[in-house]
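The two complexes that follow have chain A in common; it is paired with chain B in the first and with chain C in the second.
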Partner chain A sequence: MKKIFDVALGIVTGIGGFLEVGSITTAAQAGASFGYRLAWAVAIGAFGLIVLSEMSGRLAAVSGRTLADAMRERFGFRFFVIPLVVVLLVSFLVLASELGGVALALQMATNVSLRWWVLIVTVVAWALLWKGTFSIIEYGTAGLGLVALAFVVAAVKLHPHWGQVAGGLVPTQPADDRAHYWFLAVSILGASISPYLYFFYSSGSIEDEWDVTYLKMNRVVAGLGNALGGLLALAVLVVAARVFLPRGIEVERGEQLAMLLSSPLARWGFAFFIMALGVNCFGAATEIALSCAYLIAQGLGWEWGEDAHPKRHARYSLAYTVLLFLAAVPMAAGVDPLKLTNVSMALTAASLPVTVIPMIVLMNDEALLHEHTNKWAGNAALAVLALLSVVLLVAALPLQLMGGG
Partner chain B sequence: MTWWWWRGACGVALAATAAAACGGGPDQTLDKVASWGASARLAAENRAAGATSARYTRNVLHATHAELEENVSALHAALDSSADSSKLAPPLRARALAAATVVERTVGLMARSADSAPGDRRALLRLAARADSAGEVASALADSAKKP
Partner chain C sequence: MNLVHDVLDRVVVDRNGQHMGRVDGLALELRDGAPPRVSHVVIGAEPAMRRLARWLGRLAEALGRWTGEATRGPTCVPWEVVTVVGKYVELDVEAEDTSALALELWLREHVVSKVPGT
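Let's look at the complex of A and B:
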């Protein structure tokens, strides 16, 4: 019974956790500029996250080690410094974007500038991490994040041509604006396959004391949760394609995003959008801060854990405290949240090789995974993702310059 | 081998940097003007339908106006530059500037109307229709500038 409850909670977390400022923004920009044409990028992003989450969870459940622990032990600290630094840098930018997303939602609901809201949001997020337990942070914010299901309701209400939506799952190139098209594809992939997500998932598996009996649950949670989360992102793209594209509206400022839901769902849509943006970005911000603190603590061999009093894991608690408050600085200084989101999503996509390629070795290590190493299908999926990650690394910077607006 | 790989990657990055440094031409700026005009109209329609708050509408319109002011300045600069202005025939340049200026000024009026009379949804809709139709002219001119 407890496991069924855990599965349900895990799926809810997957759905609520998938959608945040990056996926909302990039899916909305894609739908507004190219209709359903970039649906394939959302699908590949969801598939990539399913594969990497399942493997991170399996590694943790079988070996009792987090992904970061396993990387450091298998490749040595000198190698581990590379993913540590790269993931921390991109996650820091994403964290700043998420704090900006919550502040933007609050700015839309009030007359107060997001530059002030970001300071309040940061203090509230920090207090939750300081006082809250892992379960409250993970399940609470993700559960509330289900308000984003309003995007699915709006997508259905707008009566899209479902055949054309399905047609978008096959990549096709537009005649014009190709650099922008590929930049958005890279950004969507960066928003979906964020390293903080699978590092957090792996640390969460240890916090929840998973063992080999949780392997089936891990498969269901990683698969169904992220697939349904991907559907939410697809719904955002469909809504943008129906609301913005026919009017020729490009998404260039965060303020425009609320019209995605206020157009099809009227006043409730406006309220739901603000709640969805605010709650989901808040959840993502707490998860990123924790994920970074886990990564630093695991990399440097510190004590870590969210359920114990912060005094017991002082350095770990200091890590998320410093990260959170530093990440508030760009928004408080007036950086545009949408522009920062676009840049951070493209850089996240470029950072993938340093975490995805080592996973090929880890997931085939019998000393770690015994009889639960990857089979051919898992290795094929991981190889495709590794290849994709290298392409993203090479393409991200030029596309950012040419198509990033 | 690695050296050649990195040289190639750096070459692509440098070429892209150079392309980006050239900035958007008048066609891109006109597309943006049209997009902002349509965005202002959607904001006014949502407000008229009671879907959004007066506060939100006012904030969106002020943000839109700020963007349009930048776009009009960028359009002036692009049309002054001999390389970019060649994309549009001389009579079309004046029309492009006029259309962009109408969108910018009309959205400015909408923003002020949202400040002074937040309940007057009809005035907002009337101005929005004017901004959007001027935006459509800008969009048509952008299309003609894109043709070889």
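Let's look at the complex of A and C:
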């Protein structure tokens, strides 16, 4: 019974983890500019996250080590410092974007500038973490965040041509604006496959004391949670394709995003959108702050955990404190939240090789995984992702310059 | 036992299971007419940074001198107190008797305790 409850909780958290400022913005921009044509990128993103989450969870359940533990122990400090620094840097940018997402939602609701809201949001997020209420935030935001299901309702109400939506699952290149198209594809992949998510997932498995009896549950949670999250992102894309594309609206400012739901769902739509954006970004922000503190603590051998109290875990608690407040700076200084989000997602995509490629070695190490090492299907999936990650690394910067603006 | 594979970079815990950091370095003792033996387990930013580059090690050392009491330099523990090498490297010491938790304790006293509402 407890496991069924855990599975449900895991799936809901997975959905909440998937949908945040990056996936909402990039899916909306993709739908607005290219209709259903970029649906494939959302699908590959969800697939990638399913594979990497399942493997991180399996690694944790069998070896008793988080992904960060295993990376440092297997490859040594000289290598570990690369994923450590890279993941911290891109996660920091994503964290700043999420804080911007919450502040943007509040700005739309109140007409008070997001530059002020971001300070309040950051202090609230920090105070909740400092007081050790992360599990409440996590389940609360995941539960409330389900208001994002409104995107699915809206998508259905807008009567898309489902055949054409399915057609978007096969990549095709548009006649013009190709640089923008591929830039959005890269951003969508970066928004879905965020390293902080699978590092966090493996840490959660250790905190919940998973062992080999949890492997089946791990598959279900990683698979269903992220697949449903991907479906929600797809719904955002469909809604944007129906609402923005016919009117020729390109998403350039945050305020435009609210139109996504006000058009199909009328008066309630605006409120639903504000809730979906604000709550999911808030959940993501706290999760990223903790995930970064976990990564540092695990890498350096400090004690860590969501219930770790500042009085007993000073270095760890101050790590997320410093990160959170530094991440508030870009928004408070007037950086545009949408622009920062796009850049962060593209850089996240470019960062993937340093975490995905080492996983090929870890997931085939019998000393860590015993008889639960990758089989051919797992290795094939990981090989595809590793290859994709290298393509993303090479393509991200040129596409950012050509198609980002 | 393979020192690099099984000992280096593992989490170090004291006799109560308190985390002390990771094995950032190992000190070897060179002996006449006998193979070298491991003399100390070393924990700290300086040995870790020195593994990346010598100048980073020097930088960490300078930072360590500058922070002084707050960090108290690297922790060297004689190999004789290692009781178990497994998932963790377990030591028969009290973490607080070493310098491994110096920064943690300094931050508790000088920073965390001053945060309102803690």
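The working rule: the second predicted complex is superposed on the first by the 401 of 405 C-alpha atoms of A that agree within 3 Å, B and C clash if a C-alpha of one lies under 4 Å from a C-alpha of the other, contacts with A are read in each partner's own complex, and residues count from 1 in each chain.
To be clear about the criterion, a contact is a pair of C-beta atoms (placed from the backbone, for glycine too) under 8 Å apart; a residue touches a chain by one contact, two chains touch by 3 or more.
Predicted model, so just to flag it, every value in this text is computed and none were measured.
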item	value
Partner chain in contact with A:Glu252 - chain B first, chain C second, else both or neither	first
Touched partner set for A:Trp130, first chain B, second chain C, both or neither	second
Which superposed partner A:Ser262 touches (first chain B, second chain C, both, neither)	first
Which of chain B and chain C A:Met402 touches, first, second, both or neither	first
Chain B versus chain C as contact partner of A:Asp211, first or second or both or neither	neither
Which of chain B and chain C A:Leu300 touches, first, second, both or neither	second
Which superposed partner A:Phe270 touches (first chain B, second chain C, both, neither)	first
In the complex, chain B residues that touch chain A	9, 12-13, 15-17, 19-20, 31-32, 34-35, 38-39, 41-43, 45-46, 49-53, 55-56, 59-60, 63-64, 67, 135, 139, 146
List of chain A residues in touch with chain C within their complex	64-65, 69, 72-73, 76-78, 80-81, 127, 130-131, 299-303, 310-315, 317-318
Complex interface listing, chain A residues touching chain B	107-111, 176, 243, 247-250, 252-253, 255-256, 258-259, 262-263, 265-267, 269-270, 394, 397-399, 401-402
Complex contacts: residues of chain C adjacent to chain A	4, 8-12, 18-22, 24, 43, 48, 51-52, 87, 103-105, 107-108, 111-113, 115, 117-118
